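In order of appearance the chains are A, B, C, D and E, and numbering begins at 1 in each one.
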Amino acid sequence: MTYIHKIDSDRCKGCGLCVTICPKHVLEISEKVNTKGYFPAFQARPEDCIKCALCCSMCPDVAITITGAEDADQTQQAASTEDNDG
Amino acid sequence: MGKTFAKPEALSDQITHYCPGCTHGVIHRLVAEVIDELDIRGRTVGVAPVGCAVLMYNYFTFDFLESAHGRAPAQATGMKRVRPDLVVFTYQGDGDLASIGMSEIVHAANRGEKITTIFVNNAVYGMTGGQMAPTTMPNQRTTTSPFGRNVDEVGMPIKVSELLASLQTTAYIARQTVILPKHITRAKKAIKKAFQYQIDGRCFSFVEIVSTCPTNWGLTPVEAVKWAEEKMLPYYPLGEIKTPQ
Amino acid sequence: MAIALEGIIVIVGNYGSGKTEVTINLAVEKKKAGVDVRVADLDLVNPYFRTREARILLADSGIDLVLPPEDMLHADLPLLSPVVSGMIRNPSPLTIIDVGGNDAGATVLSALAEAFRDKYCHMLQVVNPLRPATDTVAGCLNIRKQIETAARMPINGLIGNANLIDETTAADVYRGVEFVEQLSQESGLPLRFITAAAELLPDIDLNRIPCPVLTIYRQLVPPWKKAHIR
Amino acid sequence: MQSEVMFAGFGGQGILLIAKILAHAAMEDGLEVAWVPSYGPEMRGGTAYCTVVISDRLIGSPIIRNPMHLVAMNRPSLEKFAPMVKPNGVILVNSTLISIDAGRDDVDELRVPVNEIAVRLGNVRSANIVALAAFAARARVVKMDTLRHCVKEEFASKEKLIPLNMAAVDEGEKAAAG
Amino acid sequence: MGKVLMKGNEAIGEAAIRAGCLNYFAYPITPQSEVAEYLSRRLPEVGGVFLQGESEVAVSYMILGAAATGERVFTTSSSPGISLMSEGISYIAGMQIPAVFVNIMRGGPGLGGILPSQADYLQATKGIGHGDCRLLVMAPASVQEAAEMTMRAFPLAEKYLNPVMILGDGLIGQMMEPVEFPDDLKTEPSKKDEWATNGMDTRGSNRRNLIRSLYLDPEVLNQHNLELKAKYDRMQQEEIRYEAYNTDSDYEVLIVSYGTMSRVCRTAVDQLQEQGMAVGMLRPQTVYPFPEEAVGNAAAKKSCLAVASIEMSMGQMLEDVQRSVKGRQPVHWFGKCGGEVPTPEEVIEFVRSLTK
């Protein structure tokens, strides 16, 4: 089962609570500014992520989501369809 | 291992106005998740406070009524009495609930109104710029206690949950926090229980959430969490303080 | 003499010392000199007389002003925009941060400690010796200490802003200079510049003033007195 | 034609109640009425008084300084209000509790020992009804039949008190005639 | 039911039920406590809601909360209590939701006294709460009128989405008079799904409702206040009510008086007539909006030499009368307050003094 772990950089206010909470130290605050001028959190070491969702739970801005495998499949499918059309 | 996690339906897409690291956002999400899980969005009315959460109605997708400072429990009483089928909750900060609105919350609790109150205690008036609240910790500096809260002059911080629990009225009263993920899970359970008690018509239900205010405390969000843990939690112990018999 | 400042400038001081007026005029002057300027309104304490009142002027001058979202501009809420920490991490050639009054207003800087880490900034105290509490050197130093404690950042420069608004005379400006020079000596803080209202400039002998002078075109005035920066 | 009746006595003597019964009876007789209590601190134990205005046309001022008639159930009431009664009015004096007289020679002073009569009937609390009936019979402001009907209605929820109070009406009427 | 003898306070309570309002929140205060006492027995009989709040402040917000659901609701109080409620009244006006407030006035300022008074005229008509808010204010002069005005108040509050006030004095609340509740004043609550926070399921809608009075943008707040003003202007056009007495033929003096005071003046007018002096009276039944035009026209009558504002307050209505008369006549004030109700004789003496 695969999960998609996503940080919405437009919602993230860069407070850093998720960075401290992550047991695997996956997250860091970006050195790159987002479109709104914030420095959002990002997955510095995505391969270490165990998808425990603690970061999602801690985030005050609902900026981090983990979607399940089926969703992921559909997304991928949709993406590939688009590719074919293009 | 792995969990799915997405924005609840009861929460709107709008990005909140809260400062980075403010835990209002977490508490909002928990309330929204509970409302989704209990499937009560269509019959829920929130009463928004005066305080930093004054604009909270922008972040939810169900009916909301604005309140005057401290009066939310009276408004919720009015609504619930004439429409007992609605699920009515107030969401109030410490200045709002424990200072100007102390009378309203005590009497709503004492009457056993079948409403739910989420009480966000961050030991400071956030909205008006960090003044002293009734829940401000001893020696805590605020803009109106520049030398620290002097308990000889202004008394000790009020433990609202314990105070309400002392009433001889059936109620569900719990204190939780959202400063760490383990707390968040418990806080959500408490909020869910609180709403369930209301839905079942059992009793007044009240969940105090020990919270942070990095901006007015003058701490980074991560430091604020630590401060709450070290300074507030020993004085404001977590757990269920009263449950209905 | 030109005002030689670049990088991050944090403007602090007691209530009513003239921080915002200094911020706006400094931003406009620097912008006119060709410097890329960004301004952040960090006054979370008092909802009146904030930089945001001059937002149209600043926008017209091509200055980027960081504010809470438009619909929250008049909210009595301590809105700390996440953009502020962004602009500190990634500053323009000149980034001016207008902080609220006293230690209360400066507290927010402490919440931004993470963003300020490893960054040099000019933290300048605005002093108006014609205001109560800053009419003595001791008073100014007291405010300095309070602000430094609340902000967890050291003040490293002074701005002299002696004025009685419309009733200021050239003599007040001279006396103000003397006062801040003395303050500078006793505190070891360099005097970066002083201010003088545009309408007073013709009366002032700039040779008598040992530091740069920022011309003030008053912006934070009641609507019937609004001047335009020329 | 307008007549005004002032009822006065101790709080607890049932002053407001008999005033109300009279007002009710007048209404049943098709007249305009206004029942105006004194609702000051007197209600809690001191002097209670209440005015009933009865008229065959729309009542203007319900506030009356000089009433046509007076029903005085205790001495302070008589002393206070007797001088204000208009000439030719009726003053009913509860002679059980009031030894003095009204001190007026231009009114019809009717002295009835209403407490005594009530005690004889078995309950001193019916003294107010004795007084009401005696006054109404003498002043003829309402029909006695209507009054009886209204007394019954007043006690409809405490049915066992009806015989006592009907007897009180009879005794009061008799006292007025005697 | 036919005619029954009722206290004004009881009649107001019963009238609200007859008007279809089954929700009442209140706090006791003399001289209106009988409303609460009456309704505490009566409302359970009809399946209504009765609740005694912990203070007038709380009550005004219970009213706000209940009104926000679109259910009819009302409260009663007396002067000091209304002062406490004025905070909530301002919010209700700002939120544009309907509710009915009854003020059975007593003497003031401060605790004042419990006897009848009209000293809340300015508060009710001009200064009820902070911000640009106005109430539609009706002033009954009899128990019957108190009942009828109470019944009318609910549809009016719903028509304007604004609080409506019944402004009675202690005497109106305390005295008993025969009263009849007209069936034709019974109304159904008007449409509320547009605005009420009664739950989306109740409305069968996916669109949520939000009730608020906070408008951060000064332009939007200005617009909101213009909207409110338009409502108050519309009240001026559509809701003015008054009674003219003895004004058909010529009169030397025009009395303007309302509530209990107008009853006293009516007796004075009758007695003056018997004594050969013609006096007319105009009795505002709505004091906001004030019958400006009617008073002005009545004062403009050729025979009229003087106008008198007679009230149980120290000239609080005088300004409105002067404004209406527009300087065409001298306007005089006579009154007493604090529980002293002027007698017809005193009014007669005063009126006679005006033509000497």
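Quick note on the criterion: a residue touches a chain if its C-beta (ideal position, glycine included) is under 8 Å from a C-beta of that chain, and two chains touch if they have at least 3 such contacts.
Remember, predicted model here, so these are calculated numbers, not experimental data.
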State the smallest step count from chain B to chain D, taking one step as a move to a touching chain.
-> 2
What are the chains that chain B and chain C both touch?
-> A, E
Any chance you could check whether C-E or A-C wins on number of contacting C-beta pairs?
-> A-C
With centres defined as the mean of Cα atoms, the chain at greatest distance from chain C is chain D
Note, CA centroid farthest from chain B's centroid sits on chain D
Distance between the CA centroids of chain B and chain E (whole Å) is 39
Between chain E and chain D, distance of the C-alpha-averaged centres to the nearest whole Å | 34
How many angstrom lie between the CA centroids of chain A and chain E, rounded to a whole number?
-> 61
Whole-Å distance, C-alpha centre of chain A to that of chain B, is 29
Among the residues of chain A, which ones contact at least 2 other chains?
-> 13-16
In chain B, residues with contacts to at least two other chains = 19-20, 54-55, 214, 220-222
Residue ranges of chain D touching at least 2 other chains are none
A full list of chain pairs that touch reads A-B, A-C, B-C, B-E, C-E, D-E
Counting only contacts in the complex, chain D reaches chain E at residues 20, 23-24, 27, 32-37, 39-40, 58-63, 65
Of all residues in chain A, which touch chain B in the complex?
-> 1, 3, 10-11, 13-17, 20-21, 50-54, 56-62, 64-68, 71
Note which residues of chain A are touching chain C in the complex, please.
-> 13-16, 31, 33, 36-39
Which residues of chain C touch chain B in the complex?
-> 44-46, 68-69, 72, 75-80, 82, 85, 100, 103-104, 107-114, 146, 150-152
What part of chain B is in contact with chain A in the complex they form?
-> 1-7, 11, 15-16, 18-26, 29, 180-181, 184-185, 214, 220-222, 225
